[in-house]
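So the structure is just underneath, and the comments pick up after that.
Chain IDs A, B and C follow the sequence of writing; residue 1 opens each chain.
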């Protein structure tokens, strides 16, 4: 079933936005292991979202190659890429108001030709996707009546309707309260258990610590470290990345990350008590 | 599904209206013609078959095209305030048709070709200018740019009319700017049908994709669409349909704005349901207005006046009744 | 599969367009048998747009419609059978009240005949069951096409210039079957024109006064002065009466063009003629004579500001009265050469010969309406 250990491999990526002159990456190489939950961690503005878009194929690198499941990204057709990976963006602004089910149904697009409309089977897949995120009650509610957390769950359902092998998520728990964060984390863990590879960006090391099996630490336009979570989240790495004094404390089998100067790093792990 | 049943009801209403329109007019007396006349009076037969039928068909195609195009424009530009008349498409088509009549001999195919070219140009310019305006949100920018481009083409049309031989070369300016179906014959119907029918069919078949194309670009991309190509195809279909009807009927405004709005209110914003409802409702709306235009008084009221009256009126009503949730 | 559907629909529509000229009903003539013209009374008419219209016999019901229908109506009544053959009256745009009274002088059955809007659509016109419909050329798109589809013959006329007058009168004569009367009418018009041309034959360029003809309008409260284009009859009349029109540069567009006083002063004309269609021309001229701005003009100081005469209609328009306008203008331009011409006499002659009105009718019903510097 798993032919390659690495699901996504990017080599020698160089990228800058047109007209800005400033390079986001100069020579970036990353691997995302198959079946992992990989966190792409780094400070704000380090190019995490850009990297996601490069993997997605939405942006093209100035130099370098990207391979998906061993095959060059450029050899995939659009529809094949849509079936391979799905994106859950940070936030979406919809100009027109669909119901949750109609919105999730959009995820079936990679399986339909330009002149086709969704079939009954597509509808079933969409409903199943809503169920798996626990949002089936929201089926007929229109999107603008949903809370932020509910919208996020519906967005994930849409991505799941694509039946992807790789789920890309951009800051998945930003703006969510504790309860919703918990739900999202449960969904991600369950998906990983079913064999879906997940790659998410975050600027919060504690999220990486609690959720990810692998971490890619990005700083200064390059990769600082990329390995299993425990090996990457060290005090030295994090202090260098964020430019502040960071303490890493092992609690059980997980790390928690603190700022060394008495104030706390926000901890969003479910069930965690507020630390002072 | 409610959308489907709504559509059935509308199609039924449309058929009834269509048949009734054939018996409505000013001959032999104002408003209704008794059906028996069709058997007895050859002039009545001729009138219904050669005059009313093509005109009624054109009104339906006009309404369907403008609303279909309106739906497409609104979803692709993620802007509920646009329609072909607001983005310079209709005015560009009118200008192109006038140019063709004056300088290119004015055969129907030439007219439709130049109308399509200039209509596309109008759309392209509106979009290009909107990106350069540094004021306001996207909705506002697009509408501002569109109004400016529309005004430019209207002024160009006025200039052409001023310079042309007033008696024979160009139809009255009133015809172009207010729109009218008073000169429609079978020839017109058969010339615009090959443009309108495939265009509307493409729009109908791709209606679900419109949902996708109204998503932000990276999402649409991640769903395996080629947003650029599909948008071009849909916009192209919209432009072709609008150019065809404008070249025979002048600029008829407000249909493309209000009918998609009402359709979304009826069946929701999902384009799969809203687009067919929009197309059929557009045909009904335009047909009803044209019936009034030709039968209400002895003379002809330009069609655009009636569509503006009812269209703008309905629009104001909609805006003031519900909070500005334009979806 | 769906791609094929799109392609099929496209091809079908194109095929339909291929048979664009689908005659659902054979365009047979509505009058008499459709056998090829072998009857004696059949004739063809070539109208102002160059179309040849075929008639099996002269049409009985002649209907006039469309914009500016007045000119056509008045031309029809130059002929004797006008009164019989006009079944209904289009309401004129200009001065409806006046038109009613004049036409009632010409047509004894005026009160009984129905009236309809000049802007009537094809269907509306059809309900009057006409045998032919006369309209100005520019009505072709709006109404003409519809009538043609119904098989109702349409003949377009212009009546805009003296040459068109002759041509279009011939068309009317054919339709009304009054060739002899046509000769009388044309003889009158020709002789009147010839008198003017004869007496001006040796006119030198210096003797031509520099002329400005203005239409005054104050519709909607806005006072405006307009000049006509070079091709219109007003300009032609000025030229033929031995004047030099100095405004033609300003009127490049197709219709009346507004000019402001500054321009008028810059032109500094020798003679100024003021036309007013919609209200009294005498008051307007009076007002201008008292206006200090206008008093600075040489033409006003020398008393060369004239109100163009009108009875029911102004004499400058492409209406049969234009011939009176020509004579009057020539007299104003070159009084010495036309000193023996008395406008009042000309007026009586015109209405007697052209409209067959009796002297006392002219005296009582037309003369009171006279305005402008006609004497």
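Operating definition for what follows: contacts are C-beta pairs under 8 Å (C-beta built on N, C-alpha and C of every residue); 3 or more make two chains touch, one makes a residue touch a chain.
Model, not experiment: these values are computed from the prediction.
Comparing per-chain C-alpha centres with the mean over every protein C-alpha atom, the closest match is chain B. With respect to chain B, maximal separation of chain centres occurs for A (centres as means of Cα atoms). One simple way to say how far apart two chains are is to compare their mean CA positions; for chain A and chain C this gives 80 Å. Note: centroid distance chain A to chain B, computed from Cα atoms, is 44 Å.
If you average the Cα atoms of chain B and of chain C, the two centres end up 38 Å apart.
Touching of two or more other chains is recorded for residues 115-116 of chain A. The multi-chain contact residues of chain C, meaning those touching 2 or more other chains, are 2, 6. Residue positions 205 of chain B each touch two or more of the other chains. For chain A in complex with chain C, the residues that touch the partner chain are 113, 115-116. Chain B contributes residues 75, 78-80, 205-209, 211-212, 214-219, 221-226, 230, 233, 264, 268-270, 272, 325, 327 to its touches with chain A in the complex.
Interface of chain C with chain B (complex): residues 2, 5-6, 9-10, 12-14, 16-17, 19-22, 24-25, 30, 49, 116-124, 126-127, 137-138, 140-143, 145-146, 149-151, 158, 252-255. By the touch criterion given at the top, residues 53, 56-58, 78-83, 85-87, 89, 92-99, 102, 106-107, 109-110, 112, 114-118, 142, 144, 162, 168 of chain A touch chain B in their complex.
Within the complex, the chain C residues that touch chain A are 2-3, 6.
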